[in-house]
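Shared between the two complexes below is chain A, which has chain B as its partner in the first and chain C in the second.
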Partner chain A sequence: MSKPRVAVYKMSSCAGCQLEIINLEPILLDLLGAVDLSYFVMARRENEPGPYDIGLVEGAITCGEEIERLKKARQECHLLVALGSCACYGGLPSIKNWQPQRVVENRVYDNLAAIHSTTAYGIDYYVPVDAYLKGCPVSREELLDFIKSTLLGVRPYLRPHSVCVECKLHENVCLFVTEKAICLGPVTTAGCGALCPSRGKPCDGCRGPANDANAVSLARTMAAYGLHSQDIVRYFRKFAGMTSEFSKGAEAV
Partner chain B sequence: MSVAYARQEEWSIPQLYHLPAAKLDPFLNKLKENYTLIGPVVKGKEFVFAPLSDPGELSLHYQTTLLPPKKVLHLPFEVLFSFHEDQQIIETAQEQQQQIIFGIHPCDVHAIAILDKAYTAEYPDPYYIAKRRNTLLVALNCSEPGENCFCQSLGTGPELKDGYDLLLTDLGNGYLLEVGSPRGRELVQVMDLAPAPRVAMVEKQKVLDNARRKFQKKLNTQDLPGILEENFRQPIWEELMHECLACGSCTMVCPTCFCYNVVDKIDLNLKSGKRQREWDSCMLLEYAQVALGHNFRKDRDARVKQRIYHKLVYYEPQFGTLGCVGCGRCIHTCVKKIDITDVISRLRGE
Partner chain C sequence: MLKIAKDKLPQLLQAWAAGARVFVPQEKDGTRVFLPWDGQGKLTLDEGNTLEPPKDLFFPRTETMYRYQVQGQEAGVTEVPPFDAKMVLVGVRSCDARSFAIMDDVFLTKGYVDEFYRRRRENTRVVALACTEAAPTCFCTTFGIDPGRAEGVDVQMWPLADGYLLEVVTEAGQELLEQGTGLLTDAGKEEIPAAAKPGLVVDIDGVTAKLQRMFEHPYWTAVSRKCLGCGACTYLCPTCHCFDIQGENRGNSGYKFRCWDSCMFSEYTRMAGGHNPRPSKKERLRNRFLHKLQYFPERYGKFACVGCGRCLDRCPVNVDITRVIREVKEVTL
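Right after this comes the complex of A and B.
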C-alpha cells in the first residue's frame, strides 16, 4: 500500500509554520516512514503533482492569485488543513484590514502598479476546510497528532479550551492574577502547552479564540487594569481580529 | 477497598510532643532517609507543593498553594499504560516509594478525605489507591488564614480534628506535634522528642482562636441545598454568564474536583502508544458534549451553575459531605474575581 501523500502550500505568510515541519528533524525520517511529503517547495527540489491525501495550507489569502491557487489546492486534496493562525483567521497579515488597502500598500511598496491586495482572510473564507491547526507558529506536537490521527481514521485531540487549563496543569504562577499583567490566555485556544506563560510571558492570543471565549468580559477587565481602549483593540486584532469572538473583544470598550 | 484511617477517638490518650523550631530541619532530614518529602515551597510570589531536596526549601508560613496537594495523588498528567498492536498492554509501574505530604493544611486534608471516597468506594481507582497507600499526611493547623479562606464556615479548618498521621501547630517557639495514626507514631520515633506539657493544648487553642478571628470570608451553610434549589432561575446566573470567562481555572485548582479526560498518544509507527489521563473540568464547553455533537451544557451559565451546585448540593447525597472545603483557591485564581461566597450571600439576599 502506498503511503498517504501530503502537500504543503504557501500563501501570504512568513514560512514559519512550514519551518516547523522541517524542525521535526529528530523524527522527520519516522514521519517520512508514515507519509510522503509529495509537494513541499520549501524542502524539495522536485515536487510531484496531485492529487494528495492531505493538503496543509500556510498563510492568509491576500490577493486574487492566491484565491486561484487555494481553489486548485482544494480540488487536488482529499483533506484540506489550515496550517497556522494566518490560514485559520488571517493571522498577522489581517492587522491591515482596518485601513484602506491603498494606504497599507503605499507603506510597503514604491510602485503600486502591480499590487492588487485584498482583505486578508483565513482560507475558509474561500473554500471548505477540514481541520484547523492554530498557532503562530503551529504546534509541532499538534501537527503530528493530527497526522497520526488522520492516518488511523480517528478524531485528533486538538484542545479546544483556554490556555488557562494548560497553565494550571503546569502550575504556572498566573501572570494575570498575581503579576497583574495583561494575558489573553483566558480566551485563547490551548494546545501550545501554555508555551509563553510557562516562560513568564503573557499569552498574546496567537492561537485565536477558545471554544467558549468571552472576549467582551476580558476586555472589560483589561480596561479596569488601566489599558487604553486602543491598546485593547490592538490585543484582539493582532492575530485573530477577523473572528467574531475577538472582534467583539476589540469593540467592547 | 478503602483507605482506612484511624480516628483520633480510637486513641485512648492523644500523644503530644514538643518539636522545637531548631529541631524541624533535623526531623525533616531524618524523615527524608525513608520517605519522599513533599511540602510547600516558594514559586515566584506564590507557593506550590513540591518534592523537597533540602529541608531549607520548606515554607510553612504559606497561606495557600497554586494547585492543591491532590496533584501528588491524582496527577495532572498520568500515563496509565502503554499498548502495542499485538494486544500487549504494559501497565505503568506504580511508585513504591513512601511519601509524606508535609505541612498540608486542614482544608486540603478534608479534600483528600473526599477524594478517598470518590476514588476508593464505588469505582476503585488503582492509580489513586496505589499512591494514597504510600502517602502519609503531616498536617499543619492554620494560624494565618488567607484573604480568600472560608474553611471556618464549613468546619474544615482552621483546626484539624482527624484524618492526619501527624498534626503540627505552630506555637511560636516550636510546634505542638500530635499523633493521629500508628504510621504517624512510627514517624515520631525517628526523633528523640520530649512530650509536650499539657499547657501546650491551651496555647494551641489560643493560636487557633486568634486564627478564627482573622477570617474575612464566610459561607453560610444553613439550608444550602434548599436555597440553591429555590434559586435555580435567578438573574444572578445570567449576570455570571456574561462575567465568566469559561477558562476553567476555578476547577483546575479545586482540591475536590476529580474529573479527568483520557487521551491516547499514538506513536508515529501507528502500532503502539500510550493511554494517558489529565484533569478535566465541567467548566469547559466540550465537557458535556456527546457523540453526534449534542452538548448538555452548551450555555456558560449552565456550567457556572453546575460547578456551584455540584460542590454545594450534589456532593452531599453522594459523599455525605459538601464538596467545598473553603480553601479559597477558586476565588484567588479567577481573573473576574467570581466569588462563591459572594454568590451564596447574594442568593440569600444578604
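Right after this comes the complex of A and C.
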C-alpha cells in the first residue's frame, strides 16, 4: 500500500500552525515513514501535484484569490482539515471584521490599488470541512493524534468539552474562581491540555467555543468582576468572534 | 479528656508522622488544603474549613489502575502495588466526616467493594476538629450534623484559646493518643467550647418527595441559565464521586487510569455514537441536585449533601444549593 499523501496549504495566517508540523521534529521522521508530505511549500523545495489524501489548510480566507485556491484544494483532497483557529473560525485575522475594510487596509498598506480583501472567514464558509484542529497555534499532540487516528481509520479524539476539564485534570487551582482572573476556559474547547492556566495565565479562548458554551453568562460574570464592556467584547472577538457562541458573549453586556 | 498546648501540636503531628502519612490543613497558594505534614508548613487549623475537601486522600483525582504491555503475540497486565501506607487525617470538620460515610456507601456497600478506595479508607485514622465558628456559607445543621462533634472518627478535638482538647472515640484513636505521651496533659476542669451555630438553615423536610414530582418542571431551565459548566461545584464537593476510566497508550505499552469526572460536563453522558441523554445544562444541573437530594436518599436513606457550603461559596455565578432547596419547596405543581 502506498503511503497516504498529505498537502499543507497556507491562506491568511502567521504560519505558526505549519511551524508546529515542523516542530514535530522528534517524531517527524516516524511521521514521514507513515505519510508522504507531498505538498508543503514551507518545508519543501519541490512539491508534487495532487490529488492528496489529506489536506491541511492553515489560515483564514480574506480575499478572492484565496477562495479560488481553497476550492481547488477541496477538489484535490479526499479529507480537508482546518488547521488552527484561523482556518476554523477566522482566528486573529477576523478581528478586522468589526471595522470598515478600507480603514483597516489603510493602516497596513501604502498603495491600496491592488488590495481587494474580504471579510475574514474560516474555510467552512466556502467549502465543506471534514475536521477542525483548533488552537492558535494547533496543539501538536492533537495534530498527531488526528493523523494517527486517520491512518488507523478510527475517529480521532477531538475534545468537545471546555478547557476547564483539562485544567482540573491537571489539578490546577482555578484562576477564575480563586483569583478572579478573567479566564475564558469555561467556554473554550479543550485539547491544548489547559496550556495557559497550567502556567498561571488565564485562558484567552484561542481554541474557540466549546460544545454548549455559555458565553452570555460568562460575559455577565466578567462584567461583575469589573471588566469594561469594551474589553469583554475584545475578549470574545479575539480568536473566534465570528462564531455564534462567542458573538453572543460579545453582545451580552 | 486530654489537652495539648498549641505550640506542642507540631510535635504530636511529628510523632504520628513517624509511622504514617499525616495530612493536616495547611496554607498553599493562598488557600487552605490538606497537605502532608513535613514539619515546615503553616497550619491553618484555626481558620475555618479547607477550600478543597479531603476526599482525594481516599479517592485520588487520578489513579493508575493497571499497566499493560504487548510483546509480539503476547500481551500482559501488571497490577499496580496495592496502597498500604498508613494515613492520619487531622482536623476534619464534622461536615467532611459525614461525607466519608456517604463515600463509604458508594464505594463499599450494596454488594460492590472498590478495592482502591477500601485500602486507603481502612488504612486511615481520622482526627476530627470541632467548629466553634461557622462560615456564612455553612449549613451542616440542616442535615443533622453537629459542628461540635463529628461522626465515625477516631479522635475528636476541640479548639481552645491556647491549645486543643482531645477525646478518644475508638481503640485506634486510643493508640494515636498513646503516641503523644509526654505532650498531652490531663484536661482537668477545661470545658468543651460551645459548638458553632451556622446562621444558614434550610428546611429540607419533604424535599425528596417534592423533587420526585419535578423532573420535567421548567424550574430547571431557569436555574441552569447562569451555569457555566465549569465543574467547580462537583470538584469541590466532598461527596461527589463520579469518575471516568481512560487509557494512555504509548507504543506497545500503556496504563489504565481513573480520574474524577463531573456530571456538569457534556462528555459525561455522551454515548459512543454521539447521542447525549443530558444534552444541555438544564439536564446536567438538574442531575446534580436530584442526585444529592432525591436519588441518594432513595438509594441510601441519607442526603448526599453535608452542608459544607463549598459549592455556593465558589460557584462563579452563584448557583446556590440552599436557594434551590428553598425554591423547590415553593414551586407549585
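The criterion applied here is as follows: the second predicted complex is superposed on the first by the 253 of 253 C-alpha atoms of A that agree within 3 Å, B and C clash if a C-alpha of one lies under 4 Å from a C-alpha of the other, contacts with A are read in each partner's own complex, and residues count from 1 in each chain.
We take it that contacts are C-beta pairs under 8 Å (C-beta built on N, C-alpha and C of every residue); 3 or more make two chains touch, one makes a residue touch a chain.
Because the structure is a prediction, the values reported are computed rather than measured.
Participant: Sticking to the clash and touch definitions up top, decide whether chain B and chain C on chain A clash or fit.
Facilitator: After superposition on chain A, which the two structures share, chain B runs into chain C.
Participant: Under the stated touch criterion, which partner chain does A:165 make contact with: chain B (first), chain C (second), both, or neither?
Facilitator: In the superposition, A:165 touches chain B and chain C alike.
Participant: Which partner chains sit in contact with A:104 here, chain B, chain C, both or neither? Use first/second/both/neither.
Facilitator: Neither partner.
Participant: Considering only touches as defined above, state whether A:152 meets chain B (first), chain C (second), both or neither.
Facilitator: first
Participant: With both structures superposed, pick whichever of chain B and chain C touches the larger number of chain A residues.
Facilitator: Higher number of touched chain A residues: B.
Participant: I'd like to check the shared interface: which positions of chain A are touched by both chain B and chain C across the two complexes?
Facilitator: Overlap of chain B and chain C footprints on chain A: residues 160-162, 164-165, 168-169, 171, 173-174, 176-178, 185-187, 211-212, 214, 217-218, 221.
Participant: Going by the contact rule at the top, pick out the chain C residues touching chain A in the complex.
Facilitator: 29-31, 51, 61-62, 225-232, 235, 259-260, 262, 265-267, 270, 279-281, 314-317
Participant: Which chain B residues qualify as touching chain A in the complex?
Facilitator: Going through chain B, the ones touching chain A are 43-46, 48, 66-67, 71, 76-77, 242-249, 252-253, 263, 265-266, 268-270, 278-279, 281, 284-286, 300, 332-336.
Participant: Taking the complex as given, what residues does chain A use to touch chain B?
Facilitator: Interface residues on the chain A side: 27, 30-31, 33-34, 144-145, 148-149, 151-152, 157, 160-162, 164-165, 168-174, 176-179, 185-187, 210-214, 216-218, 221.
Participant: Which bits of chain A are touching chain C when the two form their complex?
Facilitator: So the residues of chain A in touch with chain C come to 159-162, 164-165, 168-169, 171, 173-174, 176-178, 185-187, 211-212, 214, 217-218, 220-221.
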